[in-house]
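Two complexes are shown next, each including chain A; its partner changes from chain B in the first to chain C in the second.
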Partner chain A sequence: MLSPRSLVVLLVALAAAPLALPPFFLQLLTEIAIIGLFATAFNLLMGYGGMLSFGHAAYFALGAYAAALLVRKAGVPMLLALPVAPVVAAVGALVFGVFIVRLSHTYFAMLSLAFGQIVYTVIFKWKSFTGGDDGLLDVWPPPYLKSPAAYYYFALIVVGLALWALHAVVDSPFGYALKAVRENPRRARFIGVNVRRHQLVAFVISGAFSGLAGGLFAFYNGSVFPDFAYFTKSFEPLVVALLGGVQSFGGPLVGAFAFKVLEWLISRQWPVYWPLFLGSVVILVIVVLPQGFVGLLGRRPWARPVGSS
Partner chain B sequence: MGAAGGVELVLETVGLSKRFGGVQAVNGVDLAVPAGDLRAIIGPNGAGKTTFFNLVTGDLAHDSGQIFLAGREVSGLPPHQLCRRGLGRTFQITSIFRRLSALENVQTALLSHHGRHYNVLRPARGLFRDEALGLLERVGLASQAAKPSGIMSHGDQRRLEMAIALASGPRVLLLDEPTAGMAPRERHELMGLVARIARDTGLTVVFTEHDMDVVFATARRITVLHQGAVLTEGAPAEVRANPDVLRVYLGQPTTAGR
Partner chain C sequence: MDLVTQLFPWITNGPLITVQVMSGLSVGMFLFLVSVGMSLIFGVTRIVNLAHGSFYMVGAYLMVTLVEILPERPWAFWVALLVAPLGVAVLGGVIEVGLLRRIYRRDPLMQLILTFGLILVISTLVLLAWGPDNKSVSRPEALAGSVSIAGQPFPSYYLLVLGLAPVVAVVLWLIFYRTRWGMLIRAATVDREMLGALGVNVSLLYTQVFVFGSWLAGFGGALAAPTIAVALGMDGDVLTTAFVVVVIGGLGSFAGTFIGALLVGLLQSFGILVFPAVSIVLLFAIMAIVLIVRPWGLLGRPEA
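Presenting the complex of A and B:
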């Protein structure tokens, strides 16, 4: 993690941001925080567990729709609906994960993609419940959290707590054993680790935090759409994690910042060329900077490799 | 099965068999390893050593027969449960967690052994640290604790794997060609270490080995496999003098009779 001093500097800067930045940039920062959480949850599997999921949008969308449906259909207030988002996503991750972790590598990725598309199709087709293609609108936070600055603070606190929890997970005995599973499943079994069950628990934790990110995004966006579950959305945490670096805890956060800032810079000038630009940057990072942008920052304590402590 | 002649059997196989297509790779092997034994399993190439090993460690499913660990049947149990029942092992090709430090390798094994591997609530860094360092010291790696294990020398990685296996608190330790790829002097050092640990801790060790010098210098008893079955078993001196053993090794440049 960050050294205590730089953590304090960062937190003070983030807390002071609403004094200095116009609402647009607060919204951009809010989105960076939410995508950063999504990518960090994804990277629990990819970086720490050695599992590549191509279907993580499913858990993001399950969280987003769970929260949105509670607000719209049951009139539940946001502060009660949001905690349900990770729970529903975790249940989804458990049900699908049971099948997905039976496979490895390419097959793991393809099955996760298939389950993701099932979630998308259900949301898309079940018009009476989910609104289908029209999505669900008017999913706003309560008035006192509706201003960009207020929701920015709210999202920052929730994401901060979630990141703290995820960091505790990777530093815990569970996290150590997860890294062992990534490094060498055969050896991991012969230190007594039930490899599949360990992968499943990691999958559920990752799904839960992806769902929390989805719930936060629903209220940020004021609406939810089936696209949240579409497979292109599943590549977002992958690209973000790759940009920032999958080999450190902070990599996906740096990646989320780079991704959103570049997207803003490029697409306001040349919206058509954003995908071309993004593709080129991803290729460049993979070839030249396998450790992602955090690799540029040298061996800072918080850019520490996933493997060592 | 349990005690035979008052000595507890730590590892026992009864009529263990495995067929691959038309080849009877392991053919009704009865093996009884008493507590504290340092047992070598030898045999010419193709005798079934590795297959037998993989049957005992649960890597291969056997066709018939039974496996007992400390008197309890463990036939068909998956590796992680065998490990928890007291079966430790090292692999023919060194098997460690390469991107973790030597200390973390051993710490992770200790965390799992103590059933803490699902704990997400506290940092692992300080847990079982002293025990892990103690195990590293025992295998001669104390000075390399912080090193990423993937960049350690081959011989040191084999020692590390030994420490990982010991961290699971095994009743019996199975070593599959523990000195493969090592220089002769290193081989004797490593097996000397194994013998010392076995003597100090009362650990039972079963190993396969190609180097006959190492076998005869280390083993307390030797089981000779030939064509998937037990040819003979005895103390090193008996095995060395056995004409059948010489006969099955004929045709191979062997050091068995040296």
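Presenting the complex of A and C:
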């Protein structure tokens, strides 16, 4: 992780951002924080557990819809609805995860995709409850959080706490056991690690934080749509983590920054070329830069590979 | 029985069922052409080619262009049907030699992600080349009408597809089980290292298989072009359905893919009758059940 001094500098800079930046950039930073959390949660599986989920949008969407439905249908205030988002997503991840972690590699990815598409279709088709294609509109935070600066601070604090919790998970004995499972499941089993249970717990934690990111995004966006659960959305955290590097805790955060800034620069000018660019970057990263862009920077303290921490 | 007829009023409608079965089988045929290529590529190279739906889409778009530029003669359609898949095969060859060959030894996750990157690149290139509007291909004159099957109209073009299905399946079977090349392919799905150790140029075999699989996807797309709106986004639809087919049948299994494709085709045509709202959920639910009970598919082999 960051050295204490650079962490302080970064935090001060983030806290001071609203003084210097126009609202548009605060919204961009808010989005970066949210997708950074989503990608970090995703990377708990991919980078630390060696599990590739192709259906993580499902948990993002479960969180987003749980929060939005509570606000819209039950009139629950936002600050009470948001904590429900990770809980609902965690329950979903537990139910699906029980089946998914029984499989490995390609089959793991495929079953996660299948469950993801089921979630998408249910949201899409259950019009009376979820609004179907029209989504749910008017999911705004209370007035005191509505300004870009206020929501920016709010998202920053929530994401910061979540990242701190995720880092604690990674740094715990559980996190080390998870890495052992990634490196060599059989050997991990020999030394007494319950492989499937570790994978399932990681899956549920990852799902919960993806759901929290979804809930945060619902209130940022003011609306939720079935697209949140679509399989192309599942590739977003993947691309972000890959851009930044899956081998470090901070990689997905750097990747989120690069992803959103590039998206803003390119889609503003040439929206048509954005997927082309994204696809080319992904291909390039895999063929040429397996460590992601963080890997390019060499062994800086904050880009330390997972294995050596 | 009363309850059944109340719930599903079409169940006593014999002709309707016949037509549904036949259209289900023809949809299954398109699916088979795409899925068998995907399954073949996986069997030999161990790469799940997520860009396979994109190859199908490119095949359909090439068909659109070829039918447009060729002179309006009865043979034009058939020439286009032969040439369009060849274009896709070339595209597949370029991708295999230029990109995939570099990553066969890498983490399977990276291979999946790379082929996903290809989806994005190809879909944008198709958008730039053909524009955002839907295209259509008119059916050849001889097959433009419809015939009466049990009193119900049935498009005659689908009859061509239904007739072609067994032919393609038999030819593929002959290739796999009666030629030396097919033997090498089957050997590669069992043990690639051993095949290489025996002096077979495995790298060349990979390229051939990838090109052949791409050709099959392109052929499926070209053949399907007159029956659908050729549109951006068909890559994703086809990919997810082909995915279900190969998972149900067993990745790398020829017979499994055939059965899976027909099953999914029938499921789609009857799913719309039985559970109109949830036919897609049904598809994925079945795939999930298969993955839970037999992760390697109905006729596949368990992972080593």
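Keep this in mind: the second predicted complex is superposed on the first by the 309 of 309 C-alpha atoms of A that agree within 3 Å, B and C clash if a C-alpha of one lies under 4 Å from a C-alpha of the other, contacts with A are read in each partner's own complex, and residues count from 1 in each chain.
Just so it is clear, a residue touches a chain if its C-beta (ideal position, glycine included) is under 8 Å from a C-beta of that chain, and two chains touch if they have at least 3 such contacts.
Everything numeric here is computed off the predicted structure, so don't read it as measured data.
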Fit or clash between chain C and chain B when superposed on chain A: fit
Which of chain B and chain C A:Asn184 touches, first, second, both or neither: first
Centroid geometry (CA): angle chain B/chain A/chain C, rounded to a multiple of 10 degrees: 80
Which superposed partner A:Arg102 touches (first chain B, second chain C, both, neither): second
Partner chain in contact with A:Asp171 - chain B first, chain C second, else both or neither: first
Partner chain(s) touched by A:Gly192 [first = chain B, second = chain C, both, neither]: first
Partner chain in contact with A:Ala64 - chain B first, chain C second, else both or neither: neither
Superposed model, chain A: greater residue contact from chain B or chain C: C
Which superposed partner A:Val201 touches (first chain B, second chain C, both, neither): first
Contacts of A:Leu45 with chain B and chain C, given as first, second, both or neither: neither
First (chain B), second (chain C), both or neither touched by A:Ala33: neither
Overlay on chain A, chain C to chain B nearest C-alpha distance, Å: 14
Contact set on chain B toward chain A in their complex: 57, 78-80, 82-84, 88-89, 91, 95-101, 104, 107-109, 111-113, 116-125, 127, 148, 164-165, 167-168
Residues of chain A that touch chain C when the two form their complex: 46, 50, 52, 54, 99, 102-107, 109-111, 113-115, 117-118, 121-122, 125, 231-232, 235, 238, 242, 272-273, 275-276, 278-283, 286-287, 290
Complex interface listing, chain A residues touching chain B: 168-169, 171-177, 179-180, 183-184, 186-195, 198, 201, 205, 305-309
Chain A-facing residues of chain C, complex: 48, 99, 102-103, 106, 108-110, 112-114, 116-125, 127-128, 236, 240, 243-244, 247, 251, 277-278, 280-281, 284-285, 287-288, 291-292, 295-296, 303
